[in-house]
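Inspection log for the structure reproduced underneath, given as structure tokens.
Should a chain be cited, it is by its letter among A, B, C, D, E and F, assigned in written order, with residues numbered from 1 in that chain.
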Amino acid sequence: MRITRRKTFNAGHRLFRQEWDDIKNREVFGSCSNPNWHGHNYTLFVTVEGRVDPETGFVMNLKALSKLVDEFVISKLDHKNINLEVDFMKGVIASTENLAIGIFRQLENPIRDQGARLYCIKLWETENHYVEYFGGKQ
Amino acid sequence: MRITRRKTFNAGHRLFRQEWDDIKNREVFGSCSNPNWHGHNYTLFVTVEGRVDPETGFVMNLKALSKLVDEFVISKLDHKNINLEVDFMKGVIASTENLAIGIFRQLENPIRDQGARLYCIKLWETENHYVEYFGGKQ
Amino acid sequence: MRITRRKTFNAGHRLFRQEWDDIKNREVFGSCSNPNWHGHNYTLFVTVEGRVDPETGFVMNLKALSKLVDEFVISKLDHKNINLEVDFMKGVIASTENLAIGIFRQLENPIRDQGARLYCIKLWETENHYVEYFGGKQ
Amino acid sequence: MRITRRKTFNAGHRLFRQEWDDIKNREVFGSCSNPNWHGHNYTLFVTVEGRVDPETGFVMNLKALSKLVDEFVISKLDHKNINLEVDFMKGVIASTENLAIGIFRQLENPIRDQGARLYCIKLWETENHYVEYFGGKQ
Amino acid sequence: MRITRRKTFNAGHRLFRQEWDDIKNREVFGSCSNPNWHGHNYTLFVTVEGRVDPETGFVMNLKALSKLVDEFVISKLDHKNINLEVDFMKGVIASTENLAIGIFRQLENPIRDQGARLYCIKLWETENHYVEYFGGKQ
Amino acid sequence: MRITRRKTFNAGHRLFRQEWDDIKNREVFGSCSNPNWHGHNYTLFVTVEGRVDPETGFVMNLKALSKLVDEFVISKLDHKNINLEVDFMKGVIASTENLAIGIFRQLENPIRDQGARLYCIKLWETENHYVEYFGGKQ
């Protein structure tokens, strides 16, 4: 049994490698490498797996899950610059893939501490694409 | 190959345990334990798995699937009180998880009788959360 | 210039007239008259009209609008029984039309007090229908 | 008769007044005043009004309308910083309201040159709010 | 007070003028003039205006409205070829604009007979465009 | 890690077997067998699986993926008649299942040539149903 909580946040970012010049960055990352930043409305789906507790009928209390995601993810990302202000994104490209990995690692232990297992992070960056990360090797 | 049919229904419910008092119920279930009931627009996705019949190009005839879901699920839930009026929910908490399990059990055999296999019940209770049940241990 | 804030809430209700018997109620209101209640995920759009303040670029501060809607509408409706528990719905049928009128009247003055004008309440009850109320004669 | 074309773009921005300090900006604009920028997936609806041409059945050729919006609006906003890089937003707060006014003024004449009339700019900044501008006094 | 009912249907069509050759048709209508037909999932919003009946709380009974739309519109369009099989589209280009006008005329009188007034037909042909027709001169 | 690109296209089709008469075709395929064709707005989700390249943060460059899908799928299907004009659909029923298989086979090798692996084709034909094909036996 899996249960999924949807969350949204807005953030700014830029895709680029500091060791590349602007031409190389634009070649690889296109308009996403704009040095003046741009941003997105991200939509996040956090999926948790576990047994149904016969006493509550819940895999995990959704209010508790919501609170964890707010504390460990949304409060760090919402209205922030992903490249400059998000501790768990330091040193990696601010791609949707890396952001999903970072969010997974933020939530893995806090969810385990509540007796459930984080199954998947699904992250939409625009209405036209999303990534899914299931933990383990990337 | 999997094929999925979407359905919607509206129902009323309340999350509570009769052996708990109102304070304990509110502590665990929050505003969902309101004794005067509340309700939701549920969105249901029924996913069926099978081989493609070379004669029809279908895994399963969608009109037949739709009819089964209407007969075994929607007619029993739509505009009903899940706690009081739904036979397959008697004796369990009216959580989204238990509702998905109940729906799965309603459909498993009728779909098998038509030569396909019920793969997953996905059930949205609000735009912010859904559950997925794949059969077997919960 | 108009600005619109979306909000969601879940509630229970029943459509019926006490002076009619069950047969007459079912004839007029169909399955919506179920005596055991049912409910919906409502989606509310509050539209406010005004001049753009050149200092802020805002018709009205959205956080302030959001707070008003939460205080005067959402806190009174969310996870509630519209027939039994909502003061501004006492004595009227709990139809989407009457609910939109009730919400309009709740918000009209508080929004005027902040220097803007409530233009329209748009209320979805299911994905298949919504009502719009613009104030004045119904 | 009105016809509407939907478009999307992503951009970065910040809400602030240079003559105010950070505390005052945060008081009025909240987390939207973050000096490190953030951004959104904007959804734009351009509504044009006119008579139906009996020869084509069109109010206005949608491909032509789409091309105008791309040339005068999307190419100037997509993956850009609204405060720093968008000529028609110079000197105003980068609010959704002002952005809708700016887009209206960009499109008003090019659409009139094609024999139709720009009726409304509707602009969603998040899934929870949008503005509508109909021209004339703001 | 306005109330709106959403409906969907699928149909095939082609945009072309018989007196034009293929080159001229392709120039004006683009790929929509494909002689082998193509089609769409149309989404229709029928908006009705009226006073709220104090006895029922309704502007118009939604089940009755739904039945009218099914009888006068959906049954004539769903899984049909708009150019060849739809009586009220004979002799006009199968554009979204003309389809909205045709649907309006189909529904105007039947809705008036039930004591309400058809206010607007809104018709989406793709997720990227829709038309709105309010009756009277086109 | 999986990344998914959404695409849309409109097409016409008809479900029927030439060796069956109209009555048998209508019995099995219902109104989808209309000899005058009808059509849909299809929504396609192409999911690719792979390791995250540490240099770019990408599983696969989305612009490259988008270009492949346009070249091998969208250009062949958009505004086309699936039965008559699509080379990779010759000789099979134009069902959603067979269309998903055809699209999978179109994309499998081009995506492998770019170092990633096509994981799934998900194809919506209406808002009420979709199919998923993962390759291999159908």
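Methods note: a contact is a pair of C-beta atoms (placed from the backbone, for glycine too) under 8 Å apart; a residue touches a chain by one contact, two chains touch by 3 or more.
Computed from a predicted structure; not experimentally measured.
For the pair chain A and chain D, there is no chain touching both partners. Ranked by distance of CA centroids from chain A, the top chain is E. Although chain C and chain D carry the same sequence, what matters here is overlap: shared residue numbers make up under half of all numbers found at their interface. Legend: contact pairs of A-D compared by residue number with B-C, C-D or D-E; the interface matching in over half of them is B-C.
With centres defined as mean CA coordinates, chain D is found 42 Å away from chain B.
Rounded to whole angstrom units, the spacing between the C-alpha centres of chain E and chain F is 28. Those residues of chain E in touch with two or more other chains are numbered 127.
Pairwise, the chains that touch each other are A-B, A-D, A-F, B-C, B-F, C-D, C-E, D-E, E-F. Taken together, the chain C residues at the contact with chain D in this complex read 1-7, 47, 51-52, 55-59, 61-63. Those residues of chain C that touch chain B in the complex are listed here as 8, 10-13, 31-32, 34, 36-41, 78-81, 84-85, 126-127.
Every residue of chain F that touches chain B in the complex is listed here, in rising order: 15, 17, 28-30, 92-98, 100-101, 127-133, 137-138.
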